[in-house]
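Below you'll find a set of structures to go through.
Each of the next two complexes has subunit A plus one more chain, namely subunit B in the first and subunit C in the second.
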Partner chain A sequence: MEGLEAQLRRLRLDKGLVDVTSEFRELASRMVPESVIKAPSFDLFEGTHSLEIDNPKLDSSLLALTEKELNFDCTKVYGEATEQKVEFVTAVVDRLCRTIVLWLNDFQTLPTTVLSCRYVAHILCQFTEDPCADLSSCQLETGDELFDQVLASCVIAVCYFVKFVQTLFKAGVVYEEEDLNCNAMGLNVLSTVQLPTVKSHLARSQKLLEKSYPQAHQLQMLLMLLMHLVEVYGLLPTYFGSTSQVDHEHTLNKLIETSRDLEQFPLPDGTVYQGAFSAVIQKKMSNQFPPRDIILPTGKEYTALADMVQDLRFVLSVDQAKTVTEIAQFSRFFNRVRPLHVVARAFYPLNLMRDDQTVLAQYTFDEYSQLHLEEFSFCDTELYKLLKNEPQTSGVKQKFQDFLQEISGALFEWYQTSSQNPCRSRQGFNRQLLMWDSLQAQIETYELELESQGIADQLEDGSSFMPLTTWVFYMKLRAMLDFVLKGFELDVYKPWEFFSMFWYSYYLAQHLENTLHRVLNFIEARIDSMVALNKKIKKLKAGEKKEKLREAYRAGMSSQMPVLMKNKDFIKYSLLDCSVIKILSLAQVFQFAVLKSFGLIDNQHPGSGRFSSPERVHKLRFKTFASIGVPELPSYGSFQQSLQDFVITEPMFETKLARSLDFNEVELSKVKSSLQSVFQDIEADSGQTRARAGTQLVQKQALEYYQGLLRSTDALIINGKTLRSKLGNRRRDDLSTAYTVGISRTQGGCSYFPLLKLDQRKP
Partner chain B sequence: MSGLEFPDYIGSKIYVTVTRARMLVGTLVATDSELNLLLDNVEEITADSNRKLGLISVPQDTIKSIKIEAAQITALENSKQAFSRDIV
Partner chain C sequence: MSLSYRLLDSSSVEELKHVQRLIDADLSEPYSVYVYRYFLNQWPQLCYLAFEENERDPVGCVVCKYEEHRGARLRGYIGMLAVAQQFRRRGIAKELVAIAIEKMQTLGCDEVMLETEVENTTALSLYEGFGFIRLKRMFRYYLNQGDAFKLILPLTEKSCTRSTFLLQPETALGLG
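Now for the complex of A and B:
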């Protein structure tokens, strides 16, 4: 208590205070028991996050520290002989490198991993107090160069990597606590320090090690690892101007190589550096979190580090994409089946859509958005041709440019979604729906205006094509489908909701299929018309008209035709992809209806009762879609009617059931054949002759996704057979006493299609 | 401290000495009839350090003393008296 009093005197807090303890006790005793007095603006729910004094689970002041931890001194040399000093520094640096992986891979916090290193805390405290960009404030001052130079270098390098991750984190793609914990206890993590300063600090250490400690092999390798690790900062697009793709490849390859080399060393004996890693930072520094044990390495850290770097290298490979479709397909598949490392996920959109308003430093946002349109439905349309010759100042062109900006905004959201964790990704698709819907309404008005001016494209049946609206509708439908189906992946729906959600997914896929067919018809007509032009030219007599047509034909064949051919291939692949989703959704609807036919399941919420109704519950589930203009959300009655249409009833129950199950099996076999064609498309992509699916850069990931769908198809076929054998042919009312309906996930199957399976009811 | 009730102290900066020779300085945001306190923006002062802890709940059995700045009490009393005058 004396110490506290002295401290209060130092802080001048010992005067002018009035003791109100007994006054407060008296006032509290007059309160109604169990009542609470609180500030009007304070929400008591917030109080549940408070840290409780003297509670060992919440009070970090109670953390018990060992003698070694209490006496550890960062300004002291540990070890007497050179060999011992090297052993100590090597062990500390090794553990420090491992803590990076522990932090990033196991959702751990900085104070329990990297910041648990006393040297890190020491150097960052110094830097926070005096943030010198030349690192002059980051000193250990032991008087021994191995500590003051080499160990300090390694600590600075690790901190610099933390800074890299913090920079990624600030971009908002990954989320605090869900994906990553970036709380640095209020310490400044080298914010003003530039990469070359860190690199030269490390280079000095490398020279010193080579000259004075040639026997310190492991330490040299660790230093090498850290030299490459800090260079990862150079991957940030802000640094791209000064480094090349080749440099990045080299850095990442070296990093993987060095990590693999370091795997051979066993975990050092923790007694070598006792006290150097401790919970002391949690106890001594400002801390708004409960105390946590520091995380110990397991020995697999360098393998995990190499895996992280491989993921980074993979996301960087998007730079090799030659078309916008390839980039879009990369985004669709890169993080789909196996979630990538959080650092790679955070890095991807930052690298793709850059602060300088470019995509991969290759296209401006507007160019990129226009290419998205061109590589789908816009190529060789009337508006496309008009815009080529229109001056920048024309009204049509300016309005088109405005739309490109709007499209860029929606696309930015779409690309960011692809990188997020599954829950955030579904939330992202949800957010996109209204964006696409509002964009569709605006762009449709624009195209109708153009049509009134004679700038229009028609399909063979005479209907209006509207290429821009068509593309926006296509993007919206895809987002809607992903949003609906991701609900299955995340276990959002209960078995009784399977019918509504799969039927709606089928409905959306049907719209998507129609849209893709419209685009295919248009593209084929444009290709045919271009080919026909050649025949027309041949029939014409030589002259000015023939020359003009020949010129138009040559221009069309060299610029539009290759794009149209690629688009045609991609639409054909997309049709296969869409039909797979459509039929699998339908098969799920069929199986639900079969179960309902036997009275084993219903699409009504089992808890619907006095305070709600099945219709209200249904409307709540579909609330998101209620405000979407097109495709219109079917009414509750339509959902109910549709289910009734699928449910099998007497008379001829047996025949109808057999027909239903047979039909389902036939449809599913069609899925298998569609998937075989998709596999061929993806495998053909590697030949680079005609990239049908645009999946060259994510071939493995795309194949994995479709193989998952194939496994789900097989599982649905088997499930149909199981239902047939368990339920029998005749309608029975007693089956609900024997079975319950549960959800099962197919091993290696697509997460969008869990099965409704029959479980034996437990007695 | 004449006439001050518990709600008057809510929002005041208080100095609470607790177990293990620590003083917590923070804003009183809530209390109950047991005199368990909820303090926000808390700074913990010990013999050799002071640090920020955020939102802290202080169980009554850990409280050794509660203090408040004399100037703060005067301000509370004055504002209460002014308020009462306005009502009259």
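Now for the complex of A and C:
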């Protein structure tokens, strides 16, 4: 304090300073004691990220640097002879390439990886000060061409790849600090620089290496790698048109090839480039992060880079999809069993739903939404036929177009969800529920209006079909099921919740199955009616009427019939898929009920009594669904009653128990047979023109998912047998002293179906 | 040896330092003095300390706050909880949490929320013992890259209704 006062006394107003002492005192007198001084918009979340001067855990200016780090100079040549210079530059570039992978694969920050390179920081500082699009401000100025041209090129190329990732990040599919850290400490990462400028810089370096440093083999390969890496920027849809699909394939293949070639080189000795990678940037620049150690390479970076590129190539293959169902199935499976690389996940929706309001530059959003409807329930309906001949100005058509926009919004959310990390994906399904629910209510009203005007489709039993509402309901049920089941994947539910969640999943799957059956009935009726038309034509005498019917028959057979046939196949596959989920959920309900019958588990929260109640906790868990109109959430009482119905009681406990376990086993064997049919559908996809499951582009991933379900089915069968042998046939009260109920995950099984297993209680 | 619990004296810099010491020793997240001040100065009535008969300094603490959530309900929040290593397994954390929840209940909170590391089974079992349930999982939530669970304990019916519907009374009453 004394020092501070001495400093204050030394201040002189004649140095252009203004005396604010009185204002300061006046403002300070108005401060309320013990209040926190903060902007009104500043909240706790930001507060937990605040840094603190002089706190070693939070103040990066306290970081200690070595002599080599302090003395490192980017404008100096390192190495005496050419060989040493090449060794130095090669080692720096190699490490720099590896830092990209460390940044992206290990979820590290830029300052601890790419920006820890002194050359990167140096060049980006220059560019930030003077952002010349021709890269003229990005210089090393050592006076040696190997450094000034080749090393500078490599640094620029790495920065350009960082710019590519930043562009993906801005699309908002992946999240800062969860999936990716894109904070570049306020440095401008070549924002004004175009891809051709970077490529020419690299090309000049390639020529120089070939001419003057032919022995620098590894450096040439690294330069080649970086050349292909910057070309990845050309994959961005904004660049489409200037580069072709063939170019993309070539770039990515070359990138994989060069990465594989670089795997052969061992990690260079770090002493070669001491000081070139350090925490200097954290210490000297405005750092918003707590101090962190810089990340060291492990030697597996090029393999990881090749894997990343493979994932990128895989998500680009969605371009080959021929139908909307194929795209939807691609989205369902591409990131399901094995999460893809964050760059591929971020790239996927950006490539699919483009800024120019198209899907893959093939369909407008409205067209795409309409095709979603047509490839499910809308084809050959009365509204479908009416809209074909209706003028653009008609009210019915305009309202339909409005709905297509609404549908596009919900679909946009659905596709984005498929690309997100598992936690965000579950939240995405949660967000979709209200969206689909509100859309269903609006579309139902529209279809009821149409019905009153005679534009209606009926099922064979005379009930109303409502093709649009049916599709929205189908999408909503799928989102609800995914939201519920993803909770198991993420360990959100405790064993006591298994009954409620699986029973509800069974309930939803039952609704989904009914919906799919309705659609199948409708499609089969349309197909039958079209086939019957031919017979009718044959019976008619020649004339105008016959010709008109023949024309209608030909048109129907060429346009609607192929779609109806495909839809029929897809619905049949979807029914198998749904029945698997339904029966597996039911089997879980049965196993829970068996455990409850022996007094080993209950569906009430064991600790909810003191401050809450079992009913309130249950309502909190189902809060998301309470506001959904259809299907209505069963009451708490219904859940309780249902469990009672499943629980085995005396008399004839033994017989009922055996019957229950036998029934479960029979049902699970049906699942296995359904899964065999699904495998056939998926495998048939590759060879047939009529793709049943629409999974030809994600065949491996889809098979992997269903094989997981098969393993889970087997595990449930075995678990049933284990329960039978451990629990015996008769109700006993002492079992809870011998066993506890835990959760077990089947190796290679589906993450949606963990098991309730019996663990021996520890003495 | 007996244990006692009392509110923190927010005017005492010494007590703030004790809280900092207890928390810093344990939590993976480094907190700045701002974070402590933010809680302790605004909600001193929700910071409790645990004392052991023979110890001069506190051996445990719980730091909480409560605020209106989305304009629809009052939400309590347990921000930090720590017990010194040598005083664990004596029920101190459990008692501190119980005292804090009771207080939040008397302040009219509709629910209590907190986040905890997925790997911290001790903390999960402590909170789940009070009736908290895992509402969602958050990906790489902590600096150590660990996931977190968001846990909620519903104290009133308001906790069980979506905020959107609490703000539309006619819908909540089934009139809309």
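Rule of thumb we're sticking to: the second predicted complex is superposed on the first by the 708 of 763 C-alpha atoms of A that agree within 3 Å, B and C clash if a C-alpha of one lies under 4 Å from a C-alpha of the other, contacts with A are read in each partner's own complex, and residues count from 1 in each chain.
Just so it is clear, a contact is a pair of C-beta atoms (placed from the backbone, for glycine too) under 8 Å apart; a residue touches a chain by one contact, two chains touch by 3 or more.
Computed from a predicted model, the values in this text were never measured in an experiment.
J.: Which partner chains sit in contact with A:Asp54 here, subunit B, subunit C, both or neither? Use first/second/both/neither.
T.: A:Asp54 contacts subunit B only, not subunit C.
J.: Quick one: is A:Ala28 in contact with subunit B, with subunit C, with both, or with neither? Answer first, second, both or neither.
T.: After superposing on A, A:Ala28 lies in contact with subunit B but is clear of subunit C.
J.: Contact-wise, after the overlay, does A:Leu17 reach subunit B, subunit C, both or neither (first, second, both, neither)?
T.: It touches subunit B, and subunit C stays clear.
J.: Tell me which partner A:Arg610 touches in the superposition: subunit B (first), subunit C (second), both or neither.
T.: Second partner only.
J.: Scan A:Met285 for contacts with subunit B and subunit C and give back first, second, both or neither.
T.: first
J.: Now for A:Val36: first (subunit B), second (subunit C), both, or neither, which partner does it touch?
T.: So A:Val36 meets both subunit B and subunit C here.
J.: Tell me the contact category for A:Asp356 with respect to subunit B and subunit C: first, second, both or neither.
T.: Neither: A:Asp356 stays clear of subunit B and subunit C.
J.: On subunit A, what residues does subunit B touch that subunit C touches as well?
T.: Residues 34-36, 38, 44, 47, 50-52, which sit in both footprints.
J.: Using the touch rule from the top, collect the residues of subunit A that touch subunit B in their complex.
T.: Against subunit B, subunit A makes touches at 1-4, 6-8, 11, 13, 16-21, 23-25, 27-29, 31-39, 42, 44, 46-47, 49-54, 61-62, 186, 284-288.
J.: In the complex, go through subunit C and note every residue touching subunit A.
T.: 10-11, 24, 29-35, 37-38, 41-42, 65, 79, 98, 101, 105, 111-112, 118, 128-131, 133-141, 143, 145, 147, 149, 152-157, 159-162, 164-165
J.: Name, in rising order, each residue of subunit A that touches subunit C in their complex.
T.: Where subunit A meets subunit C, its residues are 34-36, 38, 44, 47-48, 50-52, 55, 57-58, 107, 175, 177-179, 290, 421-424, 426-427, 434, 490-494, 497, 605-612, 616-617, 619-621, 623-624, 626-627.
J.: Please name which positions on subunit B make contact with subunit A in the complex.
T.: Touching subunit A: residues 1, 5-7, 9-11, 14-15, 17-25, 29-35, 38, 40, 44-59, 62-63, 65-71, 73 of subunit B.
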